[in-house]
Amino acid sequence: MNPREKKTVAYHEAGHALVAELMPGADPVSKISIIPRGVAALGYTQQLPTEDRYLMTRSELLARIYVLLGGRVAEEMIFGDVSTGAQNDLQKATEIARTMITQFGMSERLGLVALEGPRPPMFLPVPTQAPRDYSEETARIVDEEIKKLLVECHNRVRDVLMSSDKRLKSRRNCF
Amino acid sequence: MNPREKKTVAYHEAGHALVAELMPGADPVSKISIIPRGVAALGYTQQLPTEDRYLMTRSELLARIYVLLGGRVAEEMIFGDVSTGAQNDLQKATEIARTMITQFGMSERLGLVALEGPRPPMFLPVPTQAPRDYSEETARIVDEEIKKLLVECHNRVRDVLMSSDKRLKSRRNCF
Amino acid sequence: MNPREKKTVAYHEAGHALVAELMPGADPVSKISIIPRGVAALGYTQQLPTEDRYLMTRSELLARIYVLLGGRVAEEMIFGDVSTGAQNDLQKATEIARTMITQFGMSERLGLVALEGPRPPMFLPVPTQAPRDYSEETARIVDEEIKKLLVECHNRVRDVLMSSDKRLKSRRNCF
Amino acid sequence: MNPREKKTVAYHEAGHALVAELMPGADPVSKISIIPRGVAALGYTQQLPTEDRYLMTRSELLARIYVLLGGRVAEEMIFGDVSTGAQNDLQKATEIARTMITQFGMSERLGLVALEGPRPPMFLPVPTQAPRDYSEETARIVDEEIKKLLVECHNRVRDVLMSSDKRLKSRRNCF
Amino acid sequence: MNPREKKTVAYHEAGHALVAELMPGADPVSKISIIPRGVAALGYTQQLPTEDRYLMTRSELLARIYVLLGGRVAEEMIFGDVSTGAQNDLQKATEIARTMITQFGMSERLGLVALEGPRPPMFLPVPTQAPRDYSEETARIVDEEIKKLLVECHNRVRDVLMSSDKRLKSRRNCF
Amino acid sequence: MNPREKKTVAYHEAGHALVAELMPGADPVSKISIIPRGVAALGYTQQLPTEDRYLMTRSELLARIYVLLGGRVAEEMIFGDVSTGAQNDLQKATEIARTMITQFGMSERLGLVALEGPRPPMFLPVPTQAPRDYSEETARIVDEEIKKLLVECHNRVRDVLMSSDKRLKSRRNCF
């Protein structure tokens, strides 16, 4: 990795970690690394699950999305440019949003309905390929709901990191 | 399971049971448990079918949906947040609603038509994958009818549990 | 079968039989039974084909649909609720309507066109799965024509059974 | 076959034959039969191709459609009801119309374009199942062009048989 | 082949050859034949490629379409009727038009985009069956662009053959 | 290759190279060749990656598209006609644009969403064939975003080569 890439990875992982610390309901961070493990993982932020989980609430699922988007938002804020490094995070975040809307009945607009059946274990890096059991119109609303949810999460994360940044800056000014 | 999860499961199962007791036409409850059996079933509410059934009426199918939605509605009422625990219930409820509309001719808007053929045994946790024999426009109406039916059931269940809650509270006041 | 189910089956089969008797062009009834044969057939109404048939006219196909819908309409009239017992009848009726419209050129709106090719023997309980050789717009019109045809048949059967019911009642009064 | 069916077949085949005689460009009739050959062919009208053909003009293809529709139109005129007997004729007529429009560039509205590739030998009783290489909008126009062509042919055949009928009747009056 | 067919083939091939001679950029004609080779090729017009080609310009691709349409336009002009003989020409012309638009970025409306990947060798008589990687709306625009291109080519060829015909006629008058 | 083809290839490769030199962020050119290697590669422009890359920023991905389009734009400018030679460049450019929009969350209109999963190694000359996990409406927006991005890149490249051309010409005038 060249210095610019290393810097990008560092800010990206710090973004994840900061959001994990600042967002209520997110699992605490146990470790951050920017030592690459293979081509796929240039760095990682490890969260400490304090216990095994059987149920996830809506708020907890949102907290996962917040942390996932934290890396990308940090890149936006620091470099004014974005990289391909968020690809995997975006996939996971989209998958959680999709599952909330199509399987857990967590979209008010679509209601208490299960549009899709059980899938391979959550957070696998594969998109589902099952043929749709609903209409094109419903698929359009699902897409809109996924986008709306992710846009709200994106804005929320940006706000949190922005205000955190100000506080950091002011503290830095103190030194 | 952590205490919060246990509490969620307890209220969820109680929701099923209460609706089964309060809704006319639903099978009586024989057993409730919040001792997990594997990862998939964190708790269960057993209803006692008083006899083998060969025919189900529209009212009886609706009663099944009411009981299925009871768990989720209880979570909404008690926690103001919802969990992933209703996933299986929503699938079953959606499947019943879909079958009523596409196979049993129970949607006035679509009329006495069989849009889909026989399927694997009802209440299997797999969505059907057969290619559609009808137009996108009809698929859209099917989706609307499923949503409408489930929204009505959701409201009905909420009303029943709400008024039951009041009565429970007032009785509790008496103690 | 519990008594309610038996009663439902009895009225259902009587509905088939009455329509077969009252509708001109329908084959005469030779036998009615409400002794179940397996889970699938809880009762049956046997019509006597007076001869082997090679050609069916439009009127004769309509007569078949009338008889098929008779069971369900009887349930509607007697119980004010409907059961899953009409599932197979609805499939057959839909299949006949579909074939009239897409293969026999019997829809004025679609005209003298064969939208679908030959299929497995008529009245099989499987819907066809062949990929469509026509546009979504034409599929929409096919669905509308099927619905229109079945709604007209439904109304016709209801009218016939209603007026028959009145005559039966008045005769009963005479006894 | 019962007498009614025999009569239907006789008029149906006579319809084919009359159109073949009356339409310029149609191959002359060599034989008519209403002795069934298997279940599929209850009768047939044999046209004598005076020679092997390598090319067909637009007019000759139309003449084939006219003859194919003649049987059904005869049923309409004589019985005021139609039968399933035209199923195979409609398939062939639709297939010719479709090929003219999608392969031979004979639709002015769609222009000199080949929307579909070569198929199994023309006039086979199987509809094509190849995935579409064009848009839904084009598929809609193809359907409209097929319908328009067949409606025009239907009207033309009806006119020819109607006026022939008048002449026949007046001649009969002379006897 | 009957005399009419032979005459059709002769004019059809002459149409190809004339366009090849009259259109700038088209390869020169080396041989014309109306002796059939199998059922598929009733005649042929051989153009002499003066060299192997690795690149084709937009103008050269258009010239190929012009020559391909020449046979059909000749039929239109001479007989006022068209035959099935242009089927293969239309397929090739459509395939070239489609490739120009979806692979070579030669449609201004769609822009510098590759909507489809590499295919089997150009000018094969098989349409591509690969699943679409773009939306229905884009497919609609592709169809419109193909039609527009072919209509323009059709008009251009008609103009060229028409004015050539006048010159031929006036020369004939001189004899 | 004939002289015209050679000239086309030379200008095409020079177009790639010039853009690579003129665009900030593009990898420097190490070698240009117009000696064909097989039928597929009539010439090539080799860029020197100064280091292995693990992350690509948005600007770097755009720079790749600019260089890819440079060959085609050179053809437009020099010959006023375009050739099939850009086919492979357009595929790669489209694939990069598509990936930016559907996997890297680099389209503001679609937002921070992963519409498609991981694919075979980037820049492979095969379009993806995976079934879509989103609605037709979203597919339409994806197509519009891809087109918009490529049109902007096309314009940018044209501007850069145009102004470079002027400078070249003025320098040439100096000789």
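So that you can tell them apart, the chains are marked A, B, C, D, E and F in the order they are listed, and the count of residues begins at 1 in each.
Here, contacts are C-beta pairs under 8 Å (C-beta built on N, C-alpha and C of every residue); 3 or more make two chains touch, one makes a residue touch a chain.
Predicted model only: the values in this text are computed from it and were never measured.
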Mutual neighbours - chains that touch chain C and chain E alike: D
Same vs different contact residues, chain D with chain E, by half of numbers used: different
Farthest chain relative to chain E (centres taken as mean CA coordinates): B
Chain whose average C-alpha position is farthest from chain A's own: D
Whole-Å gap between the CA centroids of chain B and chain E: 63
CA centroid of chain B to CA centroid of chain C, Å: 31
Touching two or more other chains - residues of chain A: 131, 136
Contact graph of the chains (line, ring, star, complete, other): ring
Ring topology as an ordered chain list, initiated at chain E and continued via chain F: E, F, A, B, C, D
Of chain D, residues touching chain E in the complex: 51, 53-59, 61, 103-106, 110-118, 130-131, 133-138
Chain A residues within the chain F interface of the complex: 1-2, 5, 8-9, 36, 39, 42, 69, 72, 79, 81-87, 90-91, 93-95, 125-129, 131, 136, 139-140, 142-143, 146-147, 150-151, 153-154
